[in-house]
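Look for chain A in each of the two complexes below; its partner is chain B in the first and chain C in the second.
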Partner chain A sequence: MKSTSRFHLPLYAFIVLAFVMCALPVDAHLYSTGMGPFYDGLMHFLISPEDIVPVLALALLAGLRGASYGRRALFTLPVAWLFGGLAGLSAMTTRPHPFIAAAWFLMLGGLLAADAKVSLRVTTALAALLGVYHGYLDGAGMGQFETASVGLLGLVFAIFVLIALAAAFVVRLRADWARIAVRVAGSWIAASGLLMLGWAVRTR
Partner chain B sequence: MNRQRLDPLVRAMALTVFVFLYAQTAFAHPQKGEAVGFLTGFRHPISGLDHVLAMVAVGLWGAQLGAPAIWVLPVAFPMVMAFGGMLGLMGVPLPGTEYGIALSAILLGAVVLFEVRPPLGIAAALVGVFAIFHGHAHGTELPPGQSALLYSMGFVIATGCLHALGIGIGTVHRWSWGQKLLRVAGGLVAVGGTFFMWKAFA
Partner chain C sequence: MSRVDSRFVWVVACLLLASTAASAHEARPAYLEIKEIAPGQFSVLWRTPVLAGMRLPIVLKLPDDVKNLREPNVQELSDSFVERRWIDAGPTGLAGKRIEFPGLQLTITDVLVRVELLDGRKWTAIIHPSQPWVEIAASQTWLGVAGTYIVQGVRHILFGADHMLFVLGLLLIVKDRWMLLKTVTGFTVAHSITLAIATLGYAEVPVLPLNAAIALSILFLGPEIVRSWRGETSFTIRHPWVVAFAFGLLHGFGFASALTSAGLPRHELPLALVSFNVGVEFGQLGFIALILALERSFRILEVRWPRWAQLLPGYTVGSLGAFWTVQRVALLFGGSR
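Up next, the complex of A and B:
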């Protein structure tokens, strides 16, 4: 076994070297798009707290409930987000409603803080609704760009990775204090939602 | 032997130096209002000593009472405080806010000083009632033109960190000298609260 891997080593080294030496075209002017449309979409998600926080809350909630919930959220949310985004691409204009954003924070954070025993069906419905709503808003915002659909793919990819990491991390938690820490994070998200709700009323 | 002991320290120091030397990207033009919103929100609870005293005292009391109060109280406070903040933002009046805040420091300091152990519901209710005053004051003082989401998150995270600080200090409760130290800290919080009450009346 050992001798076989030694035999293949030069071959692997050659393949790696070939890839490294392969001269790719230099995109010196990605300045305007950052790192390309795929990464623009990915970064859009990662730097948008109004998107990332509800997704994180849902992933943590699914993780607290167990692996099957995590798996369901892992595939439902990105797919729903993609469909919502594709529908949003054709929308001329739309405006995110501050009350709905606050409601997502409040509901998902509250469920997480309470360690609510939500059923698999409810988790799936929440993931689908969250994905379609936020995906539609993102799609509508990105629709003005020609490469929006590629950007949407990057965004969905980021969501998939975040849910996979966050839910898997929580599923593994066994210590009581660790699970309580996750619930405390939920209470913070819900508290932020309450403040956002007040803000939305003030600026209405 | 000494070399073995020093190695991790030297490695940690080298890592720290490299982290500080690492050139970060300068964002000269952050998205309008957003970065400012988070920092403003984060700074708000820690900028007033009256708020800081009460929030740290909640953590100290939670640590004294042990589980489940150690996590119920720090969860109850930000939630109810955010509710008070929402009322303040909506313009719902709450009379005597400054007195309520000062009284919270006095009473929370006193319960730590005398190591009062009420049932969990009463402890949570006491903390919750005072949290409304703190939240309302923050809500009405909110600066205009900030990002609601980032401001709210910064605000809540800072509050949670203050509770965590109190809980962290409260871990000395396992030792007898630590129990005395916590009671002294509670006394200091109560004295601070008395000062702020005097200021509110003056």
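Up next, the complex of A and C:
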């Protein structure tokens, strides 16, 4: 029974995700660098806290768990983001739910702060879920641009690089104080999520 | 450091492709020069680059209250379209007024704007497609001018897929840290020499053959990378810094064409040259640092690439070099794009 439920975890996650994405219309944008859509997409990711912070949190979490986790996140998240983005390109009327953005901050920040012993399967599911959800939102926001698919590549490239650097950085950390510092970063991310949640409730 | 692990670089190479496939040196900036010739009156030089007979679709739109003092003079050159105007901007001049560039947002190039006022104040800015207009400021320090050209240098590298691919090819051949240092230094010294020579007007290389030669330098590296993987040796593999220096001379002319095609005023050249070169170095070193950091990250994460992925970087460098060579040689001999 236990193994069956674990086996179905990614499936459940995607069902939840599908409901979430169908829920509301979205609004996003593509930052213009003037250097072509690839760099526009790359910059879009780098200046979007709601994108970059959860990715960073996941990379740090995977890094704390070890090289195999980092590797899994490195390939799962960008691929999921790409597929989510491609799916989102044709959907131009979705709106990111503020509770869900806050939930990502809270969950990933919390797991990181707690140095949670998540399994490789859960890490993969989290990466896939995060990638498909945020990719879909980005794709939906970028769909109005003719060169959105190239922008999406730039965005995915930035994600790939960030995960590789951040996860590898943490895997190399051996000193206790350094690993605690990473967990402190997780607590800040979770705290930011709480603030976002409060703000979302207040302005609802 | 062991040799830069080529197995991962395909990711970077492929994405480089996606970014700027065939646009390397073809995005020369447009140039607007405004000189105050009498209080409130200005001469305007507006130059838009032309490539293979096609003019960039950028229009100069001066403030509405500006009047022409005489008929504009339009000249079509082989590499650019030049318009000269003489305008009266009224007693307040152009300070604080907005000049627009409709159509710039549809391009991937920039406009270099330079303003000289009667009292000796000078002002330079680079206008990007993301904000296709400029408001003329009252003054600008030399630091501001330098900053403008540094940004232009960084952008040129980030936008120049051919330069990045050449550097990438060198990194794939380099075997140790000392050789990396020598190779990067050789490339830097060489392109700095020709950048300076060309910018200061001591030598000139036509853009089309130059671009074809730069493409050829990338094509040259493809077989060398494959040879290096097979454990074979060659002069390039033993002394990559020599090749970096030799081809760096070519690439320097390429950098210079990006800087000088706009027709910069001569008295600003030294500052522009140094700042632009600093920007190019920032961009280049940033790119190398990113590649090395990624390579190290992959080793820490124990990423094992499949065989096809291991082979891809060399073939990507070679194939793209071949593609650009054919494309640019066709352009050189008047073929269609």
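To be clear about the criterion, the second predicted complex is superposed on the first by the 171 of 204 C-alpha atoms of A that agree within 3 Å, B and C clash if a C-alpha of one lies under 4 Å from a C-alpha of the other, contacts with A are read in each partner's own complex, and residues count from 1 in each chain.
Everything below uses one rule, namely that a residue touches a chain if its C-beta (ideal position, glycine included) is under 8 Å from a C-beta of that chain, and two chains touch if they have at least 3 such contacts.
Treat the numbers as computed from the prediction; the structure is a model and nothing was measured.
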In the superposed arrangement, which partner chain does A:Arg71 touch: chain B (first), chain C (second), both, or neither?
-> second
Would you check which partner chain A:Leu165 touches, where first means chain B only, second means chain C only, and both and neither mean what they say?
-> second
Determine, under the contact definition given at the top, whether A:Thr147 touches first (chain B), second (chain C), both, or neither.
-> neither
Seen from chain B, its contact residues with chain A in the complex are 71, 74-75, 78-79, 81-83, 85-91, 139, 142, 148-153, 155-157, 159-160
Interface with chain A, chain C side, in the complex: residues 11, 15, 18-20, 23, 105, 108, 110, 128-130, 155, 158-159, 290, 293-294, 296-298, 300-303
As the complex stands, chain A meets chain B at residues 49-50, 53, 98, 101, 113, 180, 183-184, 187-188, 190-203
Which residues, counting only chain A, touch chain C once they are in their complex?
-> 32-36, 38-39, 67-68, 70-71, 74, 150, 153-154, 157, 160-161, 164-165, 167-169, 171-172
